[in-house]
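One structure is given below, encoded as structure tokens.
For clarity, chains are labelled A, B, C and D in written order, and residue numbers in each chain start from 1.
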Amino acid sequence: MAKVLIVYATDYGNTKKMAESFFKGVSSVKGAEPIMQEAEKASKEAVRDCDALVLGTPVHMGACDWRIKKFIDTICSALWMKDVMVGRVGAVFASGSGFGNSAGGAELALLSMLNNLVELGLIIIPLPKNTEGYDVAGLQWGPYGRSAGIHMEQTGVGEEQLVSSFHHGKQVARATLHLKGNKIFSKE
Amino acid sequence: MAKVLIVYATDYGNTKKMAESFFKGVSSVKGAEPIMQEAEKASKEAVRDCDALVLGTPVHMGACDWRIKKFIDTICSALWMKDVMVGRVGAVFASGSGFGNSAGGAELALLSMLNNLVELGLIIIPLPKNTEGYDVAGLQWGPYGRSAGIHMEQTGVGEEQLVSSFHHGKQVARATLHLKGNKIFSKE
Amino acid sequence: MAKVLIVYATDYGNTKKMAESFFKGVSSVKGAEPIMQEAEKASKEAVRDCDALVLGTPVHMGACDWRIKKFIDTICSALWMKDVMVGRVGAVFASGSGFGNSAGGAELALLSMLNNLVELGLIIIPLPKNTEGYDVAGLQWGPYGRSAGIHMEQTGVGEEQLVSSFHHGKQVARATLHLKGNKIFSKE
Amino acid sequence: MAKVLIVYATDYGNTKKMAESFFKGVSSVKGAEPIMQEAEKASKEAVRDCDALVLGTPVHMGACDWRIKKFIDTICSALWMKDVMVGRVGAVFASGSGFGNSAGGAELALLSMLNNLVELGLIIIPLPKNTEGYDVAGLQWGPYGRSAGIHMEQTGVGEEQLVSSFHHGKQVARATLHLKGNKIFSKE
């Protein structure tokens, strides 16, 4: 069994929708078990026990939500210190209502979480552009769902924009199964 | 007189259009003189003599065009070594036809040029979101014009998407006039 | 009078030392008034009233401390929405005890704060490499003081590493005086 | 057999030394075959045929060398368009003589190459901090060897600083063997 832990923060429910869609994608893969926790309630035990850590955030001023950052600083940090997570799997996703048509800040927001995952020693699963749903909700670093129009008129993340996170859930689940028990970073 | 040097690379003319629009914006400010050079022909003298250095690029794989990078490595690098440019003004812009609706790679592409400008010691002029035209062609780091639809159907950068670079040209010209002769980094 | 607001978070006092050194640098410039607030106690009024916003953080997993991020999300975000800060001045600094000799994560940590400042529309003051103290505590984006050796043996940020933040305080104070009342982003 | 292609640029031979060390690390893993090509001579065929693509660069102004960028723009770009590389393995390394003790620009330089690898759809192998040699030549994104002291006195990359790239070569070789033939991104 490969455990995929999805830790997310949400303001109006959009990132939560993406987390649920990611969850379903993981569920659809035999042998993979998704777990979903809000960042503020996420536990150190769940992180220590998972085979893949996935972070999802609303975009705020070009970086992740502070609740995700608190989770990183207070929980991930201690595990980094002890090299506990090395060789497991990591992935990220985000939603945002940034002004303009250029995904205001999404790329650096995804990166602000990825840097943590990479420091933990996780193997990073990107979102290839030929993934279904990428065209309306994708960046190379992970799914990105827009929850507003270019003038910030709130539309919410729609069905169409949940497709890429569903498929990324599948991809990450398969990666986790495939990489479970790997000896890539073995000291021998 | 404040000299604003615009160095750009272009594939199909889209970034060139934005450079021209930026040029017009600079021209519209009394006392500011724009100069435009293709990256491959840009001269060390022009960089050394300018009061503001502006870089414009097509987005390629999440970073600037190699011709911009060659200009940076072969010309800017030497000026960095000698601290020649410290205290002048810097800005960036880009165009791109990246797959998807999330400005594929534009943010890091702008940043790949900005890092050079910051290392040179330039004062960075951002693109505030209330700049005219930001909604259809803007990112916080500078104007970004999309030259294709979400499936990469080529449309070119249209008139509407040249508005933000025109206004950023004005902003940068004013900043250059305002900052000319500043003692911000004086050793006294 | 130019008000420079320094908002910082600190774990063991190292970033606080740098904030104090930055504060002294600002104080040394006639006409500049430094204000220092811990991120958790920083007020919206102080931000709205300042002429320059400076953020300082410990490096945690390659991004700023969550308390800085909370300040950004809950206070800066609302000011961004209303374009209140456009045209003022911004700068950043950090301290860190990251494992290794390569300033583990400092560059992206500085950037995770800068992105917020740029979205606010602040004019960014870099740290030129010829600034006194840069050799032992500097990155292009701002002062960076190491508080530990390469194996994380805690040394604290020493006197020598406070020099660059003192001088950056001076530079930012001068920039703020020079730019106060500028019409760079005027709509006319 | 798993083919690991190392594409590098070098100015004074330091990045080349790291490439050779990486090469030896790959060679030490049974079933893995390293191939080494200078960026200017690298061929599209070699990229298309490899199972892992590794990029190594000197740090120039906070991004990769222009020759690496030219390789990315002219060769990788076309493979991206056709989704040819999806699901293979990617990694990066760098050397630098940047002024100061904070690895001037190394982090964003590694990232400027990684963005390309992620767009290609490669699975990214990080450098965990418990990798041998990380303390003197490591960043979370990959090995980083300093070739100069803090005042840019040229020392070259020494033996001690080649240890992390040797071990990362091993790690990447194992990852490539482990991931060869994976169905992670399968459309079924």
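Here are a few things to note about the model shown:
Quick note on the criterion: contacts are C-beta pairs under 8 Å (C-beta built on N, C-alpha and C of every residue); 3 or more make two chains touch, one makes a residue touch a chain.
The structure presented is a predicted model; accordingly, all values stated were derived computationally and were not measured.
Where the sister copies chain A and chain B meet, the same residue numbers recur on both sides for over half of the interface positions.
Placing every chain at the mean of its C-alpha atoms, the farthest one from chain C is found to be D. The mean-CA centres of chain B and chain D are about 29 angstrom from one another, to the nearest whole unit. Inter-chain spacing, taken between the CA centroids of chain C and chain D, is 32 Å.
For the pair chain A and chain D, the distance between mean C-alpha positions equals 25 Å. Touching of two or more other chains is recorded for residues 62, 80, 104-105, 108, 111, 115, 118-119, 129, 140 of chain A.
If you sketch which chains touch which, every chain touches every other chain without exception.
Residue ranges on chain B touching chain A, taken from their complex, read 62, 99-108, 111, 129, 134-140, 144, 146, 150-151. By the touch rule above, chain C contacts chain B in their complex via residues 80, 83, 86-87, 111, 115, 118-119, 121-126, 128-131, 140-141, 171, 174-175, 178-179, 182-186. In the complex of the two chains, the chain A residues touching chain C come out as 60-67, 69-70, 72-74, 76-77, 80, 104-105, 108, 111-112, 115-116, 118-120.
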